[in-house]
Structures are given as structure tokens and as C-alpha cells.
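Here the chain labels run A, B and C in written order, and each chain numbers its own residues starting at 1.
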Amino acid sequence: MRFVPLAAAAALLCSAALTACTAGRQAGPSLGAPRPSGSASQALPAATIELWHGFSTDAEVKAFEEAIARFNQKYPQITVKATKGVQDDQITQAVRGGNPPDVAASFTTDNVAQWCRSGAFQDLTPVIRQDGVDLSVLPAVARSYTAFEGRQCTLPLLADAYGLYYNKALMKGHRPPRTLSELAELAKKLTVRDADGTIKVAGFVPSVQYYENTPSHLGPMVGAKWYNPDGTSAIGSDPAWKKLLTWQKELVDWFGHDKLEKFRKGLGDEWSAEHPFYKGKVAMVLDGEWRNAMIANDAKGLDYGTAPLPVADDRPDLYGSGFTAGTVIGVPKGAAHPRQAWELVKYLTTDTASLVTLSNALRNVPTTKAAMQSPDLAKDANFQTFLDIFAHPRTSTLPPSVNSVFNQEAFAAFAAKWERGAVPDLAAGLKDVDRQIDDKLKLSGG
Amino acid sequence: MTCLPPAPPARRWRGEGPRALLWLSPWIAGVSIFFVYPLLSTVYFSFHHYDMYTLEFAGLDNYRYLLRDPRVGVSARNTLWLVAIMVPATVLFALALAQLVVRLKAGAGLLRTVFYLPSLVPMTAGTITFVFLLNPGTGPVDHLLSLAGVRGPDWFGDPDWSKPSLTLLSLWGCGQLMVIFMAALLDVPRHLYEAAAIDGAGPWRQFRSVTLPVIAPVLMFALVTNVIYALQYFSQAMVASRVASGTTDSPGSSFTPGYPDESLLTLPQWLFQAGFRDYSMGYACVLALLLFAVSMVFTLILLRQFRRAGAEEGS
Amino acid sequence: MSVTREVTALAARPAAPGDARRREGARARRRRVLLWIATHALAVTLALMFLAPVAFMALTALMTDEQALTSELWPRSWNWGNLTEVFDRSLLLRWAGNTLLYAALGTLFTVVSSVPVAYALARFRFRGRRMAFLVVITTMMLPPQVVAVPLYLVWARLGLTDSLWPLILPMVFGDAFSIFLLRQFLVTIPREYTDAAKVDGCSDFRTLTRVVLPMARPAVAAVALFQFFYCWNDYYGPLLYAGVQQDHLTLSLGLATFKAFHSVQWNLTMAATLLVTAPVIIVFFLAQRVFIEGVTLTGVKG
């Protein structure tokens, strides 16, 4: 008879299982419910809220925790428990599993469309209206990557702009390249190799698998388009991609694919002090504005300069622009304390003093106009480059799509195959990427 | 040994059904919850779009997508490679190793331990170690090869070499199989070898006419189970891809399984990606049914083995 | 085992006259010596190759950051600090704790729940016995990914994702592989023993605990060890259910993320790998015989 309790437990679990095929756990309290009239924000009940963010280097984490501490001075009753180094997968999984944090910040905008459409992140529109937050203080591009289909489910918390970093000593007096041909030429000139061809110093690593060289970051150099207006893929039909990939392959072949891979795999970690740019192993890199802060921390003596990315030879109008995206922050569905969470989100994304301090520490582009014009914003030449790129009218972001991650992966996988020389017909290969993206779009009912 | 109180009227074999049911009930419940229910549910979801938020009927959409998804073909080809090359290579290597160890007069115990140990090394640890050993530029293997004047390939970074690299890992971890084969080989009566030797049979003839017939059932069992494990191949490939790609888990650099060039992509990985990274759970269920169908074929072969063995045992 | 014997009998053939052996005596002896040397040399070479990965793992674990990025094989200085640095840089102890919880509870549940099932399958005669055994083999061979989606949804519904419970709790209901293995062993116990117990008036339960289990000790030990190692090394399960938060990871999973966070610090990665591998090896040496016996058991056909 000893199995009776077990059998009972089994039956219990069984019935739980049978009722489980319907979706999701019930949501926690959500935002936008009418608030007791006349209550000031300070009257919020005490709570401990969980915050997940992606910052991982010691300096970044410290700066971000200081921002939270300033929030705490304003709201002493709210305790914020921050978890660092969190990635999108983890956020999505936690929301779906029903154990979300109260506030989540992501470094990428890739999942915003998915989060807004599915309701994984709560639509902030009602509270934005309630609290009278004016969204026009945000640059248009930042508004475009934080909302989808009319739902403002995240807000921008500092933006990123991408440009070119160059090591002045390794440049041997050359000025930073302005076109792709100049970049290729200079990359070859600055590369140092052993007798047997082993790369010692690379002028520029053209591999799409190298750190920040993702297709989305490279695309703006040639003004390449990802999507048609109807959301289908434009990768195969936009000749700019062909131009970019042909240029890139030519440079990869100049290095020799195997040699380049061997070099790439021997390089230090992107987020550590071993970064090859600090170590003088690469002369020029495509990177985000935050690299300024990391260099200041990890490679103090490095003499470097920054410039906009080189652009296609026949598109001089693009020079000065670049790729931008940013950190987004929002309140996931199922958050235990959405009101307190919203106060934190509001503070971090709109408080000028907070944005400026954070921007100065992280060297990220602040995302409100007031913060950008603040006299307290530390500006040096290297950082100013990125403020200018961010403000450039042709600067673009990756348009939101519910399959953003899948689409970028499909393209990146193809690009890796291409640079290896495993793609005989570029046009046909790009058409195939189109087909994958469009099929997937159909599957997700877009 | 005595048990009190003394015997009730002797029970014969009749009427053991209810008792068996009682004893098996937890397991039956387990099979229902963790096998039957999810299997039926998988069929149900395969006709729906589901992302854990909204469930909507999709008809045959997911099945149609299966036919258009280039990664299904890729992973099928990869799995075929594993089944056709990695599995036989591992089984044969384990058999050869067992033959060798059985023949040893000195140090057999120690060497058996050495050959067995790697199979206990945690899979993640073993895979990371192999990626390190074979890392181009810094890895010891390429270094040793270069001393011999050979330029090593990019191993885990080259689509043509990634599966052979994993095969090396699999050979290294074949200790379990080796021990199984050793036991089978020790089952072969010694006098048969002597008789065959006197007949003038060479080592190969001896193996074919004496050893093979005896160990055939064990060999067959090993082959089929390893084929089934190859169909489930997931962790080693996943870890190897991740570690070898050299891309950090950095924000924005999303990871495609199967690096390099999807040469290590297997169906279970693609299913995992579709279901738990893309959250196309309906489509993941279609992939699951495909995986189920394929592994059922091999399970049936295995079951036939059992039935044959069982019949000859006369139970 | 009877198959083995039958097949052997078929393969046997009449022995040749004995004088052939005498004539070739000296030559044969020389050949045997050469063969002995060749066999042992080959075995030792292979053994060295089998040990090499672990040796390189250990050597690299003690190098400096810079040296680990070169192709040098021998550490220029012995950096024992790398081992402690792993603890500082990761939640290794936490992961070990999680893994231990998973492995210990998983093993306990599996053994307690699988023994009765295996016993029933091996001893009781009832309609559907063969069917039940076929189901055991089928579920044993089922790729875990096949039923992953609906089960994940169930556990998410119960709020148990982001923990190891979805992996531990099912083991309360018996584990197919363990049932299979135990059943294979239990059928070899002669019926006379259990029959005698029955005649003495023992209940099924007492027969199991007093008569069968003591005889099946090696099989139970093997099942426990296998299950423990399965849980300890499992990567897929924890990746699916406990891969969200750093402090919920297991050793296998944590080790894989460790590499991701310390991209090319091969010395630290190898130090972590060494730390994860060492306990397993130690346990093996403590229980070597149980292992070998257990593995042998898995190879026995039905």
C-alpha cells in the first residue's frame, strides 16, 4: 500500500498537466490601472523590486548601481535588487516561465517587436499618459526602436552609435578612411605578417564573425536595406548588400580565410582588458561609443582616435552616419510590483541628471534632448564623434520585426558561409536568405 | 530465513495481474504523464501556432514550413553522417580496444582503467577540452602536428573537419562500450580459439568464425543503441559549436547552432532552437514528431533484437 | 546467456591433431614474444593518447593568461592561483551545490521508484508483461526533445521552470533505463529463492526487501551510480529548465557559460574544467568495481 500516496500525487500532477495546455500563468497586476486619486509618487508602498540588466564589466555595473542609488534617495521605500549580465534569452524565458523580474533592460532592440506584440512587456502608454511624460523629448529614431505596432512597451535608456576606432600609433600618420576602398587599401597597408603569412597585426578584420562586425552594424556603410515596406526581406533585391559582401570577401581573401580565422580565434575577449584593439593587434575596428569608456578603464595609455564609418565609394552622402540602437528598458508582464517598477523606468529614462551622469560614466549617448544638451555632459573629441553620428539624419537602426533575431541569424550564417568561400553564387544565395526570412514571416503570421 | 505470520494458502501464478498493477501503478502514472500525454499534446500543438502567449489554429502551416525549412535537410544530412560514420567508427574502435585489452598479460587492469576513465569525464568538460586541444593556433594538437611538419586543419572551425573532430571525442569516450565488449569477449570459450588456431585459422578467420558469432548479439545491441543516441545528438555538438565559434555571448551577437556553417546542426538542436529560443512551439512539435518517427524505426529494430534474444532464451 | 552458449556450440569444430603444435614450438614462441611486445606497446601508446587530453587540461590550467594563448605545452610558471580564481570569478560552489541536489535527489528517487517496477516486470506473470517491457525500452530510447514542448508548458504552468525540479520530480515515477537495467539483473535470480520466500509466507514487499534486494545489491549500486553520473553530467535538461539565472545553473551548464564569459582565457577555462572533472574521477576510483560490473550489465541482451 506504500504506493498509494505516490499514485495520488501522480493523479494530482496528471490533472495539473491536463489543464496546462492553455497558455501562460495568470498575469500579475498590470500597469495603467486607475491610481488612487491625489497620491503622490512618494506615497508608493514599500517594495523590493528586481531589476535585470546586461551590464557586465565592473565599471559599467558600478555606474549603473550608482544610478539606482540616486533613485533610492528619491524613493527610499523601494529596494532595488539588480542582477547583472542578463541576456535577452533569459528575459524572454523568465517572462514565459512566469518568473519575470519587475524591470528588465536589454542591450539590443532585437526583441522589442516580439515583446510589444506578444505583451511580454507591458504597454507603457497608459502610465506615460497618466504621468504626463512627454515622449517628444526622445529622438525619433529612439522612439522607433522602442515601440511596435503602436505599443510603447519599452523606453530608451541611453543609445549606442557605431563608428570607427583607430590606433594612432598603428595608423602611421594616415588619416582615417572615408570610403570602403580607402579602408581596404589602408587595412592592407597596415597589416603586419610573418614570413609564413601568419597575421601579427591586422589593419582591419573584415570577418562578419568578428565582435561588432554584424551585418546590422555594417549595413549602414552602404545604406543597405533589410526590409520592404510589407515586412518581407529586401536583402536579395537591394544591390547595396551585394556591394558590401563583395568588398568584404575581397578583403578576407587578401588575408586568406584560414589565416584570418586562426588570427581571430587567438584574440582576447571583447569585454576584457585583453581586447586586441587595446593590445595593438588591430589598427582599426568598428565599435560602439561605449568603447571609449572601456578604453579609459582598461587601456589608459592607448592613443586612439574615432571617426564615422567609411561608406560606399558612390554614396558620399552617407558619410557621417552610422548604425544606432540602444539599451531598452521596460516592465515585463507578470511583474510583482509594476507601479514601483514603472517609477524606476521613468526615473532612469527621463531624469536629465541621471541620464547625464550615467552617460558620462558609461560613455553612452543620452537619449533625451535635454540630457544631450546638458552642459554637464562630458564631451571630448572621441565621444563627440558618436554624438554627431547619432544626430546625423541618415543614421539608421534595424527596423523592428517579430523575427528580428531569426532574420539576423539567417543572414549572419549566410555571410559566414560566404566569407569562407562556400557560396558559389552570391545573388542566388541572397535570394535564398530572402526566402528563409519570408517563409518564417509567413509562419509567424506577420 | 523465516517470515511470520506463516503462509496463507499457497498462491500460484494465477492472479498476479492485480498485484502487478499495484506495483506498476506509479510507473504507469509516470508513463502517462511524461510520455503519453506529451506525445498526444505534441500532435495537437503541431497544428497550431503557439508562442506561449497566444494559441491559434494553423492547419498544416507548420508541416508546410517543414518542407521549406532548409535546416531540416541540413540536420538530416549531419545526422546521417553521425549514424554512418561516427557510430560504426566508435563501435569498431571500442571493439578493437576491448580485443587489445583482453589480450594483455601485464597491466591489463591499469590500462582498462585508463581507457575507461574518459567516458566518465563530464560531457561539457570533455567537449571544451577537445575544442581547446584542437584550437587552431594555440591548441597542442596543431602544435604537435607542426613539429611533424603537418599543417593541421581548423578542426572544429572547418565544416569538413568539425564532425571528424567530434568523432575523435566520441572515440575518446568509448570506455563504456569497451567494457561491454570485454565482457562479451571473455564469454568466448578459450578452447575454441585453440581449436581454430590448430585448424590453421589466422587472426582474422578466428575473429570471424569464433569471436563474431559469440559477440554478435552484443555488437548488434551496441550498434542500435548508439544509432539511437546519435539521433539524439545534442550536447556535444551544442557545446562544441558555442565554444569553437569564438563569439562571446555578447549582447547583440545571437548564436546560431551548428557552427561552423551548420555542419554540427542536428535535429534536436534545431528543435530546441525553434521551440525554446524562437518560441515557434507549434513548429517545434512538428520537428518533434519527425524525430519521434525516425527514432521509432530504430527502436523497433532494437525491439526485434530483444524479441529474438528472448525467444531463444525460451522465456 | 544461453544464446551465447548455443552460438558457441555451433562455432565449435573438431580439434586438429596435437603434434602440429609440437613441431612449431620454437618459432611459435618467438612469434608469441614479438606479439606480446607489439600488443603491449600499442596498448601503452593508446593509453598515453587517452591520458593526453587530461594532461593538457591540467597543464594549461596552471599557465598564465598570456602563455595559455601560445602553443607552448609546459607551464613556464605554476599558477595555482588560477584554481582559486575560478571560484572568485564564477559561482562554482553554488553550481556544485545545485548539481549535487539534482544528482542526489534524482538518484534516490530513481532507485526507490525503479526497483519495484523492475521487480514486478521480472517476477510477476500477468497479461501485458511483454508489452510493459516494450514500453520501458521505447521510453528509454525516446529522444528527450520529442516531448519537451508540452512538458515545458506544464512545468511553466506549475511555475517550476527556472529550477531543477522539472528534472528531479519525474524520477519519482521510475526511470526507464534504470528499470531496464534492474529488470535485466533480476530475471537472472533463480525463481527458487523467491518461491521459497513465498512458501514461508512473505509478502511481495518483504520478499523484495529481504530476499531479492540483498542479491541485487551490485545492480542497485550500478543503477544508483549511473543515475548519479547521468544527473551530474546532464547538460540538456538543465539548459532547458534552469538556464536562466547564473545561480541556478549546474556544473555542466555553468562550465559552458564560463567559457563564453572568459572567451580565450583558456587557462581559467581549463582550471574550471579540471575542477569539474576531478570529483568524478575521484568517485570512480572509490567505486571502480561497481562501475565495471554495472557497465557489463548494460551490454547484456534481453
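Heads up, the rule we're going with is that a contact is a pair of C-beta atoms (placed from the backbone, for glycine too) under 8 Å apart; a residue touches a chain by one contact, two chains touch by 3 or more.
If you're wondering where the values come from, they're calculated on a predicted model, not measured in any experiment.
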Chain with minimal offset from the mean of all protein Cα atoms: B
Pair joined by more contacting C-beta pairs (B-C or A-B): B-C
Rounded Å distance between chain A and chain B, as computed from the means of their C-alpha atoms: 38
Rounded Å distance between chain B and chain C, as computed from the means of their C-alpha atoms: 13
Junction residues of chain B, two or more chains touched: 23, 26, 29-30, 33, 37, 41, 45, 52, 135, 137-138, 246, 248-249, 276
Multi-chain contact sites of chain C, meaning residues that touch two or more partners: 69, 113, 116, 150, 153-154, 156, 172-173, 261, 263-264
Shared interface positions of chain A, touching two or more other chains: 3, 6, 10, 13, 17, 21, 24, 93, 96, 265-266, 269-270
Contacting residues of chain C [partner chain A, same complex]: 65, 69, 113, 116, 150, 153-154, 156-159, 161-162, 169, 172-173, 205, 243-246, 261-265
Contact set on chain A toward chain C in their complex: 2-3, 6, 9-10, 13, 16-17, 19-21, 24-25, 56, 83, 85, 90, 93-94, 96-99, 265-270, 272, 274
Residues on chain B engaged by chain A in the complex (per definition of touch): 22-23, 25-26, 29-30, 32-33, 37, 41, 44-45, 49-56, 61-62, 65, 68-70, 135-138, 154, 157, 159, 245-256, 260-262, 276-280, 283
Chain B contact footprint on chain A (complex, rising order): 3, 6-7, 10-11, 13-14, 17-18, 21-24, 54, 87-89, 92-93, 96, 106-108, 110, 118-120, 209, 211-212, 214, 216, 258, 261-266, 269-271, 403, 405-406, 408-409, 412-413, 416-417, 420, 422, 432, 435-436, 439, 442-445
Chain B-touching residues of chain C, taken from the complex the two chains share: 1-4, 6-8, 10-18, 20-21, 36, 39-40, 42-44, 46-47, 50-54, 56-57, 60, 68-73, 113, 116-117, 119-121, 124-127, 129, 132, 134-135, 137-139, 141-154, 156, 170, 172-174, 179, 187, 197-204, 206, 210-211, 229, 232-233, 235-236, 239-240, 251-253, 255-257, 259-261, 263-264, 266, 269-270, 273, 276-277, 280-281, 284, 288, 291-292, 295-296, 298-302
